[in-house]
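Lettered A, B, C and D in written order, each chain numbered from 1.
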Amino acid sequence: MENPTAVLLLSCPDQKGIVASISGFIFQHEGNILHAAQHTAQPGNILFMRIEWDLAGFAIPREGIKEAFRPLAERFRMKWNIRFSDEIPRVAIFVSRHVHCFHDLLLRHLMGEFRGVFPLVISNHPDLQPLAEQFGLAFRYYPITQENKAEQEEREMEELERQRIDLIILARYMQVLSPAFVNRYKNRIINIHHSFLPAFAGGKPYQQAYERGVKIIGATSHYVTEALDDGPIIAQDVIEISHRDSINDIKIKGKDIERVVLAKAVRLHLADRILVYGSKTIVFE
Amino acid sequence: MENPTAVLLLSCPDQKGIVASISGFIFQHEGNILHAAQHTAQPGNILFMRIEWDLAGFAIPREGIKEAFRPLAERFRMKWNIRFSDEIPRVAIFVSRHVHCFHDLLLRHLMGEFRGVFPLVISNHPDLQPLAEQFGLAFRYYPITQENKAEQEEREMEELERQRIDLIILARYMQVLSPAFVNRYKNRIINIHHSFLPAFAGGKPYQQAYERGVKIIGATSHYVTEALDDGPIIAQDVIEISHRDSINDIKIKGKDIERVVLAKAVRLHLADRILVYGSKTIVFE
Amino acid sequence: MENPTAVLLLSCPDQKGIVASISGFIFQHEGNILHAAQHTAQPGNILFMRIEWDLAGFAIPREGIKEAFRPLAERFRMKWNIRFSDEIPRVAIFVSRHVHCFHDLLLRHLMGEFRGVFPLVISNHPDLQPLAEQFGLAFRYYPITQENKAEQEEREMEELERQRIDLIILARYMQVLSPAFVNRYKNRIINIHHSFLPAFAGGKPYQQAYERGVKIIGATSHYVTEALDDGPIIAQDVIEISHRDSINDIKIKGKDIERVVLAKAVRLHLADRILVYGSKTIVFE
Amino acid sequence: MENPTAVLLLSCPDQKGIVASISGFIFQHEGNILHAAQHTAQPGNILFMRIEWDLAGFAIPREGIKEAFRPLAERFRMKWNIRFSDEIPRVAIFVSRHVHCFHDLLLRHLMGEFRGVFPLVISNHPDLQPLAEQFGLAFRYYPITQENKAEQEEREMEELERQRIDLIILARYMQVLSPAFVNRYKNRIINIHHSFLPAFAGGKPYQQAYERGVKIIGATSHYVTEALDDGPIIAQDVIEISHRDSINDIKIKGKDIERVVLAKAVRLHLADRILVYGSKTIVFE
């Protein structure tokens, strides 16, 4: 196994000395930087940085690292976070009836593509229970109606708390989450939308694409915000179609890119490679 | 040189015997079919067909072919057209100030990529006159204001008539054509829009893309209709961008796909490979 | 359910009247052509054609169609085949230890992407038995050594006969099939090679790609011939990599395109959309 | 105009403190880091870094920067180089008869895509002289035979010296350069090869691709080394083809990606974004 590492993700107003101060902090305490990437966004002059270092031989004990770093962070007015590679995130998957994204996530998890554990599946339909259990995941069924929605979301959030979930994946989950829910898990809910956003937001995007006669269809993974299909985009991909493709052909082609785009977003998030700034993402690939 | 060929493009309600009748017509008159492609669209049950045959040895003299085919066309209620490969279409390019698409078309023309002649450039700015003339094209300058627009379009259409123009290419032409103009050249005006339509229709699509934080940008070539950026799409392409790309980087990347997508549409149109049906295209590649 | 259809795939020396004769044959017997595509290859002047028609109302009973068509086929010296859409092909999957392509095929089968049944899995390792059985497929384990190879292949072929298998998919099967085996199933064995052939044929293609420092990796599905990794190519796809990608990252990225490319080849084959001519394929998409 | 910047490119054995030392050096002298990217390659444990800082307000006068940095470089055994963004590289283009890449470079230069000046064109054919001069570039014609090759290369190198050329672009130049020439301009000659290397190295790659029946063709830009088509790859791209594409169609499609891939490599080189290590490139995009 690889040594545990620390990952620092930060943004702050740009000024002289930030990189030097951070790398100096790591070096003074005997850390070896493994990856560093920095980006300054114009306009606004905001610096974004991801820096990862080896914890082997690092002079500050792990539980003191955040405290030791705080003065530096305050001096540069950073928004920041430090995570350790051996603290494995806990992930819940929300599904409805579509199996392809769900199945794909399970397979990738099985093959070790994600730094995460997947204890929990939540659904508004019972259909995928056997599949979830076959892969050893707990399945919770919360049917949603207009009347019981608030109450059911309450129960879902309790379950998420109980399971100490860090990340929620909406793997073609066909319910809109309430603002309260979204805000509780801000920048921690990843959705897959089966269009090339902002084109064809809302319902039935493949049908919309078919009717408009586009020559390429897409898929978009994004963080969920209160406004539907409008959150910060993490990854997108596209595939060519032609007049020969029926709606059904388009759906089959689309499933391939949905799976790839959702998995990419999940992988990046779990590797602490995404910073959200305003309505956009900075992705350190 | 290759033998001249005839290309029949048609659409009609599907029924038994259409392919047999058309291919029978060609065979009875000693024609050899070089390419045939057929597509039936659901819903609507409309048949689309492109069929190309060698004119060498064809028993009907060229000037009688359309007349001879007419009874068949009427029997199946076809919308149809027959063109001959040695009747070279005449193309006018409309430009403003952007040079990349214009230049690219000229270079491709020089390299023999298009079945067409390019006698005429029309612009609302004088900037590209030297380049046009360097390549031997006549350049007509019609500055457009809100006041003189109708009158200037009138003069443009006269020039297009005089030059017997078959196809108009808007190579980043920054004026909206009037409905009267558009309808005169229905399905014979090709525009390049620098976004992945229907996303980012209207002005400044790269700016819109930058602000939305998309991870892929696109370009779309389409026939011009009265509704802006809403005509039948002929070709689209995309390219990846990231948070590192400034607006200027996006523009540079976008230019590459604009050029490719516009050239593709022009090539397909000039090879009689496009049928327009409703708001969509059938492209026989 | 859709009506059953007949698909005629053929190649023959090009001459006048082929399309007319075939479409005439269908029309005379009251058939409605649903799809027709034709291609003439230069040099060689060989015509390739795929034509599909509705069997509902077709005047020749199904068991007499081939016989009725034979005189026409002989007149034009065709290589040809007629298949019926409701005669479902039987598919065997060969696997070793890699799970991703195997799993992907099963999932797509479950979602109805393939016109085929999948009764049988054959492997030289026992590892994937539980997964195969979980999806309801029979699993046959034939460990292969240098000594027992001929004998084990004999047993495999018996099993394939017994199960009346029409198509074999090598889903990352890590054994080279003998010429005798390959020839028995000529153009009916589809392999996935994890490189952009002809680059990186042979073993460890990702390692080779990594060492050469390419910026794009690929995957290739092809029919298996006696010469290793040299059969007619059906489909290819690629994905970008960079210096940041380790061998392991490359493998993860590659798996995504392996799955898509293999599935595409299988889908095309099962829909009778592929003609093999010499060392190439004609793919009627 | 933007402020001038300094770009440091380096590689060295990885150890603790490198990033801290370099960023500390810049910060101590009042420099503001604009971009920093670092990569550590496994196996070998080599660190690669590109760091760019604003020269406005930098405390060391420009002519002293390299001297001031040298002790640090020696301490970490770096291979390194510092360049200033306002010292514009001088570029020579080598051409034969193909116009597309040459024309494309000129157009991009005109549109300001490259940080470079293009004073000189060298060719073994006179054909492109008018085009070169139309764009204001000096054109030198050195016809090459087996007998005069060494002598002509000598004259070319003299001309390159006289013009103080920093980078040579082989824009489909159809002569193999001698080892002496190549070594004089090591990692400063960029070639475009019209295949997806290492597939189809050598002559007539499109013909080779056509005969093999691949479904995707490619283009590769690379630094020239003594071994033909074997230098470090900078950029690659691909485009789909099908059985319908003749050799001529393939060439037309290929030209589009040749242009894009060559331009990308030139842009990256001129922006000091490429490090060569062994037979590979590290590209800081």
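Observations
We take it that a residue touches a chain if its C-beta (ideal position, glycine included) is under 8 Å from a C-beta of that chain, and two chains touch if they have at least 3 such contacts.
Quick caveat: nothing in here was measured; it's all calculated off a predicted structure.
With respect to chain D, maximal separation of chain centres occurs for C (centres as means of Cα atoms).
Of the two chain pairs examined here, A-D and A-C, the one linked by more C-beta pairs in contact is A-D. Work out the mean CA point of chain A and of chain B, and you get 42 Å between them.
Spacing of chain A relative to chain C, judged by their CA centroids, is 37 angstrom.
Contact with two or more other chains is made by residues 39, 244, 285 of chain D. Note for the complex: chain D touches chain B at residues 99-100, 103-104, 107, 110-111, 113, 134, 244, 252, 255-256, 260, 263, 285.
The touching residues of chain D, counted against chain A in their complex, run 14-21, 23-24, 26-28, 30-40. Listing the residues of chain B that touch chain A in their complex gives 39, 41-42, 48, 196-200, 211-216, 218, 232-238, 242-244, 246, 279-283, 285.
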